[in-house]
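What follows is chain A paired twice: with chain B in the first complex and chain C in the second.
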Partner chain A sequence: MKVLKAEEGFTLIEISISVAMLAFISVVVIKLFLAASNINVKASEVDMATILISNELEILYDKTSLASLSDEYIVQDEEIVKKAYFDDLFVLSETGKYGMTISMKKETDALYKVDCTFMKGEKEIMSLETYKHFKYPFKKVGDGSD
Partner chain B sequence: MNNKNIKYSVETIMVTLLLILFSIMVSVLIFEGSLTYKKVLNAKESEENTRIALSFINMKIKQNDLANRVYLDSFEGFGNAIVIEYGDEEEGLFSYIYFKDGALYECYSEGVLCDELSTKIVEVSGGSLNITEDGLIESKVSVNGREVSRLSAIRTNYERVVE
Partner chain C sequence: MEVIKEERGASSVLVIILMLVLIILGLAIASTSISNMHLSQKKSDWLLNYYQLIGEAEKQLADINEVIIEARKNSNNDEEYKEILNEKLSQGSCRLAMPYRQEGGDCSLHFEVNEEGSQYKKRIEVSLAIPLERKAKVPYHITKYALLQEALLQEEAEEFLDPFKHMDD
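== the complex of A and B ==
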């Protein structure tokens, strides 16, 4: 082990090995930071999905009749569906990488099952289902019309 | 190479250069690592604080949501604040929830809104409270370069729609 017994200090081989080790450690550390950053991004997406879905449910909660739903809800195969898209900053846009679908299916006359899904492209970020009771399912509040 | 006499050779210069490179790389790695770590932590903290602020507001509204007991009002020096009127054993007491100086505050008092009686709930980079066209309370908080808004339906509005 002539190299290790040398007294001149570090040899080229020793330094090369050190640099290689440093490079390896750097890659591991950078990967850890990237993983942490990705986890933050995913957590942020789930947060935003939760907030955007609960916002939509709050708006729904406030509606007492089907007639008072906004025009964004359309009837599609016995379901009432709303689709919305959001850009990278989760701002409402016509097209975007995030998509939210709210669909309501009739259970009884006034009770609807609500399915909410939030997608990133083809990948589902979160989904939940709940029920919405319409006090006046077929009437517009106040005017008495059908 | 003689051990007693120091001679500069190509190998020595290369070794010295590599050593310097090694030191610089270690320093840069530590510096950049620490910056990235702080950035990741700050982003995480901002997201957490935003979640806490919006959940706090929503929880307070839902806990006390009786007709005409929860509403939004404007106060000089404070801007818009959510006002919660308590009943029963807490009759005459109010809670004011508002954003001021980069934080969310709650003031629990006998109808007076002031800084001295206010408690800081959580620090957020900026927030505002408004009423939407549909009559829902909208809490907006800025976080990591974007604005997060959460809507809360209130019974007062619900009653108004039914009537």
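== the complex of A and C ==
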């Protein structure tokens, strides 16, 4: 009880100045934390875009004919296109915040130009351009080629 | 000693220390996040260059495939087919500059694609075996498809691979 009755301690002015200083610095530090968190989110988006595009391209590079492409690839305005959407946790979903588009444009019978883009809404996170050669472009599935 | 015993302004000193700690913590977290972003960007750039390089290799494969298909169309027997192949592929047509030699029933073809402009240049080495029969089922077989990066080449690693180098001295 002596402690409670004691009148020694910091003065009101001291406490007021301290609280004001702490409030000011807290704003700066909280802004830093938020910026760091945003940067981490962006980094994870770039990481996931890298992984998902790489997965898709590796599957594509394994194909030797157009017929062996999965049903997800559809012909659209002289391009063969696949669209996929991912939710906040980058799990495949019907619609989602993130969208990946793989489009293939014919250069020659056996060579296609491949454009991959990974978007967050309207904003592009990653995009890359490469080529894919189909050894047997018109071979039907189950022909027994390789 | 009087300064130390002075109690006025003690709270400000405590607050300033706390502020410093918070600022250092905030800066540390921010710099970690920025490094994380740089790493992700670097990884993504690497992948971008990698697929560009693969794209170049695929273009060359498509060119070779085209030459093979043309040779099949324009020849009547295996000898003619072989001659056309020899002529077209050893000419350096289709942007190819490569040695061409025969090995058994197949001829082998080598080419490489090099990355330009980066510090540790990547390259893809491809070897093909092309059957010399005109009606062969497969136009070519890929016998080697290797991605190599300059920093990881054997010549540089050799310095570390010879622990007995000074044993004779």
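We adopt the following convention: the second predicted complex is superposed on the first by the 128 of 146 C-alpha atoms of A that agree within 3 Å, B and C clash if a C-alpha of one lies under 4 Å from a C-alpha of the other, contacts with A are read in each partner's own complex, and residues count from 1 in each chain.
One rule holds in what follows: a contact is a pair of C-beta atoms (placed from the backbone, for glycine too) under 8 Å apart; a residue touches a chain by one contact, two chains touch by 3 or more.
Predicted model, so just to flag it, every value in this text is computed and none were measured.
Bringing the complexes onto one copy of chain A puts chain B beside chain C with no clash.
After overlaying the two complexes on the shared chain, residue contacts for A:Phe90 are found with chain B alone; chain C is out of touch. Contacts of A:Asp62 after superposition on the shared chain: chain B is touched, whereas chain C is not. After overlaying the two complexes on the shared chain, residue contacts for A:Ala43 are found with chain B and with chain C alike.
Using the contact criterion defined above for the overlaid structures, shared-chain residue A:Leu12 touches chain B, although it does not reach chain C.
In the superposed pair of complexes, A:Ala110 makes contact with chain C only, with no contact to chain B. In the superposed model, A:His133 lies in contact with chain C only, and not with chain B. Smallest inter-chain Cα distance, chain B versus chain C, after superposition on the shared chain: 5 Å. On chain A, the surface patch touched by chain B in one complex and by chain C in the other comprises residues 10, 15, 18, 22, 26, 29, 33, 36-37, 40, 43-44, 47, 54, 61, 135.
Chain A meets chain B in the complex at residues 7-12, 15-16, 18-19, 22, 26, 29, 33, 36-37, 40, 43-44, 47-48, 51, 54-55, 58-59, 61-64, 68, 89-91, 135, 141-142. Within the complex formed with chain C, the chain A residues making contact are 10, 14-15, 17-18, 21-22, 25-26, 28-29, 32-33, 35-37, 39-40, 42-44, 46-47, 49-50, 53-54, 57, 61, 107-108, 110-111, 114, 126, 128-133, 135, 145-146. Those residues of chain B whose C-beta lies close enough to touch chain A in the complex are 1, 3, 11-12, 14-15, 18-19, 21-22, 25-26, 29, 33, 36-37, 40, 43-44, 47, 50-51, 54, 134-136, 144-146, 148-153, 157-158, 161-163.
Those residues of chain C whose C-beta lies close enough to touch chain A in the complex are 9-12, 14-16, 18-19, 22-23, 25-27, 29-30, 32-34, 36-37, 39-41, 43-44, 47-48, 51-52, 54-56, 58-59, 61-62, 65-66, 137-140.
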